[in-house]
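Labels A, B and C are assigned to the chains in the order they are written; within every chain, residues are numbered from 1.
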Amino acid sequence: MAQASLDAKPAAQPTRFERAFKDAFIAALVMLGLSVPILALRAEQNMSNEVILIPRPWLVVICCLIVFVGRLLLGLFVFNRAPGAKPLVETPSAVKTAWAKFAPYAAQVGLGAIIAYPLVALYLGGPQGAIKWIDNFGIQILIYIMLGWGLNIVVGLAGLLDLGYVAFYAVGAYSYALIATKVIPATFPDLGVWAFWICLPVAGILAAMWGVILGFPVLRLRGDYLAIVTLAFGEIIRLVLINWVDFSGGYAGISSIPRPSFFGIPFNASESGFAARFGLEFSPIYRTIFLYYVILVLALVTAFVTIRLRRLPVGRAWEALREDEIACRSLGINTVSTKLTAFATGALFGGFAGAFFAARQGFISPESFVFLESAQILAIVVLGGMGSLFGVVIASIALVGGIEILRELDFLKAIFGSDFDPTQYRMLIFGLAMVLMMLWKPRGLISHREPTVFLKERKSISGSLVQEGHG
Amino acid sequence: MTTPLLKVEHLTMRFGGLTAIGDLSFEAHSGQITALIGPNGAGKTTVFNCITGFYKPTEGMITLTQPDGQKLLLERLPGHDINWKGRVARTFQNIRLFGGMTLLENLLVAQHNVLMNASGLSILGIFGARSYKRAEKEAIELAEYWLEKTGLIDRADDAAADLPYGDQRRLEIARAMCTQPLLLCLDEPAAGLNPRESLLLNDLLISICREHKTSILLIEHDMSVVMQISDHVVVLDYGRKIADGPPDAVKNDPKVIAAYLGVEDDEVEKTEAEIATIAAHAKGDAR
Amino acid sequence: MEVFVQQLINGLTLGSIYGLIAIGYTMVFGIIGMVNFAHGDVFMVGAFIALIFFLLLSTWFGWALIPALMIVLVLGMVFTGLWNWAIERVAYRPLRGSFRLAPLISAIGMSIFLSNLIQVVQGPRNKPVPPMFTQSVPLFTENGYTVAIGYKQIAIMVITVVLLAVFWYIVQKTSLGRAQRACEQDQKMAALLGVDVDKTISLTFVMGAALAAVAGVMYIMYYGVVNFSDGFVPGVKAFTAAVLGGIGSLPGAVLGGLLIGLIETMWSAYFSIDYKDVAAFSILAIVLVFLPTGILGRPEVEKV
């Protein structure tokens, strides 16, 4: 963390406390300045539609106090420390050795936990209580893990900055929704129960095609130009979906999208439904659990393909491209087709995830495919550590799980009064968390790189040696 | 005389109003080490960039003759095909390794096209086809061979960016050789090497040229390297060729001496003697 | 013809606003090579600061419109500058020289934070201001259609031109501008020669925010309403403008802003208002495919 340049160089060496106090005082003053117009006065429309200002001095005082105390504590315990000083909290060596023993099995244990999760939730929460936990947390997080793994191919491996990844998610979702609600009923209505399984590959392939179509003209661009063009494409697709009402239903979106069946057996209360066939009492929980495992399998396929591709020439070429594009060209690598395959592969998995999303929701509208989604997926990839599959999992759980947890803070109403609505602070905290996490771990949680092949010994490569790509 | 491996004819490269290379013609023969020398800014690297497809020359023809007699016009091939179809490999003046990848991975990336075909454009590879596994094993063997040859085998699993400078230069040569080129273009391979490393490099280059049927085109400032290993020297000054011939002849060419020292013609004779002594000292140091 | 002239006027007005925001993007990109994603939201914060000061002066103190606007302009620039200074200090400076994507993610986080902060503290509803400068000057009448230029359009264009002149002077003629250009070329070398790099970068952010604040004042003047979510779309369009004009180039940012404004109004008038943003983004993509460094950007020479 950069040293505060706020403090002037004093003649006598001030104590750490003096310095921290001074910094905190200045920070509180800045906060006062920041809050003067925005926090101190709230513009409100009154009964007669006039805008009036409501002063709120206490909010300013509280904010300044929080900043003062926070900066003081930071100054005392985090910044201004003598170089080489011991870390604030030293990890006990026992913990370190325990972790070293556990680390090789982390992936297996994690996978086991993820597989067991719905059953544990069912056991603990009962059929009613478990739905929320499996759907809002389990499925939601797995969708983002899958999207993160898909985008990881483009950004993490090939080093191409894509700010419009949500476009492929949208292509997948709309492909499934349109084929399942319009094409199949009109052509082969008997296939209705199989709709999801037929459309899933189609949606993926369509998204990959869009990846190639959008990628081809723009992959010559480098760095931030590529970023802005991908962002523009993401917005174009969303705006077209909003405005081309005949095609996509506009803002209203598409509803009553067929839900996935258990390989041909629908999840409904009828005689031929899933529950009746298996002699169970009808409950929506079965579908939720089934959906959980579907997205889990889809995500695992993504991970498996990524791991395999990394060990294939194309995956190595992606990483080489991220390291040095010019050297790649001198070694006979066709950089355009290599970039396109990365773009298309990433889009393919985005498309799968999109089709799943449409099938799970039963309703989609352009609202689900805003830039914020792209930003969130990119944040997951970067926070996880570029190229790290495990990092993406941790980052998804932290970010997506965190957002969902913030929905559950109703008990705060008891503290702050019933006017207090914790959900409106959700995105505020989310944005702040993104900033803080980057400040804490700029290279992501897992920044080292695992080599794809070795002669004698697999050694991790420090993240500081790995390039981040220029495209 | 047999057909030359590389034939550069009337090569001209202009950047806006600046003529970096003007009407340059020279040949590089199979099984030989050809050196391209000249003062700073003479346009040597530009010649390399034209040959290896990073620049499209304004005028001129660059012909490469394959062992089967097929002639390829390099300036018409897309950049990456110059390596794959034309079998020309190169290194860079400021080293361009894949720093975050291991040495072994660097050498496998160099065999991309061979492996890509073996993996059935990745599709067979994803399902773990045996043919790909065999191809990968062969590729690793080739990489091991070149790591042994360049003395880097002990560091095969380290990140390339972790290597010291001299080792990075050799790794870049090993990586280029893994593409099994007919012509290897080296841009100042001895720059920044200490005298011992420089001698090892000479041996490596001679062995590449004699044992692997790879001809070498070399840009170098270190005259001891040039004079010891090259069979043929082309001298550039201000983008034009001023001399062309065996090293001894070129060394004594007054035009070359003048270009290097920037002296008038009549002073050439006087300085020639000085140069000889300096060169002798340099040789002595190198030993 | 008459529609065209009217749309030309409207487009130039809108383009002025985009251009002023775009300068903030282009300057920050030029000096630290970072896309300041939160800049659109800084513009929105600027608009809110202006709104509150305007209400304060006009309804509490009963000032007349023009002096109130003048003061609002100055206060808006100062306080928005302070906001951007603080943002740079907290969210970007610690990440300078680090991984390229870290500041970008930090900026995206900041953008989410700012828009939601305003939502929380100012409420999610649209905030209207009383209409001002409603008169307009009729220019000519053709086919029964009167082409007119509004007072506020005149005000926006005049303020833009004056500010650009001042700004141009600062960048070209003052030592601050020289320090900025030096940092753009090589920060380490500039620091070795005694340029205070941190201070220069901070001032760049302050200047960018000040111009965005002016754009914010114009925005509420022109549209008469502002909302916490109004930062994103103008922000993206201004960024598009900066890239279109050639990112890093100041005249390019203004030119790009005017072009985006014109494309948007012309497209709305002649084709379809629904697809005006699609048109702006498509033209961006097309321009970049053929002119990869934008209209006035310096071509990137690939060093081998």
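To be clear about the criterion, contacts are C-beta pairs under 8 Å (C-beta built on N, C-alpha and C of every residue); 3 or more make two chains touch, one makes a residue touch a chain.
In this text the structure is predicted, and so the values were computed from the model without any measurement.
Among all pairs of chains, A-C has the largest number of C-beta pairs in contact.
Distance from subunit A peaks, on a Cα-centroid basis, for B. Between subunit A and subunit C the centroid-to-centroid distance comes to 29 Å (mean Cα coordinates, whole Å).
The centroid of the Cα atoms in subunit A and the matching centroid in subunit B are 46 Å apart.
Computed centre separation for the pair subunit B/subunit C is 50 angstrom, with centres defined by C-alpha atoms. Among the residues of subunit B, those touching two or more other chains are numbered 54, 92.
Among the residues of subunit C, those touching two or more other chains are numbered 302, 304. Across the assembly, subunit A contributes residues 326 that each touch 2 or more other chains. Those residues of subunit A that touch subunit B in the shared complex are 305, 308-309, 312-314, 316-317, 319-320, 323-324, 326-335, 341, 449, 451-459, 461-462, 465-467. Note for the complex: subunit A touches subunit C at residues 1-2, 5, 30, 33-34, 36-39, 41-45, 51-53, 59, 155, 161, 217-218, 220-222, 224-225, 227-229, 231-233, 235-236, 239-240, 242-243, 326, 371-372, 375, 378-379, 382-383, 386, 424-425, 427-428, 430-435, 438-439, 442-443, 468.
Note for the complex: subunit C touches subunit A at residues 29, 35, 45, 48-49, 51-53, 55-56, 59-60, 75, 79, 82-83, 86, 90-91, 93-96, 98-106, 108-114, 116-123, 125, 127-129, 198, 232, 236, 239-240, 243, 247, 272, 274-275, 277-278, 281-282, 284-285, 288-289, 292-293, 300, 302, 304. By the touch criterion stated above, subunit B contacts subunit A in their complex at residues 52-54, 78-84, 89-90, 92, 96-102, 104-105, 108-113, 115-116, 119, 121-122, 125-126, 128, 132, 136, 140, 144, 153, 156-159, 161-162, 175-176, 179.
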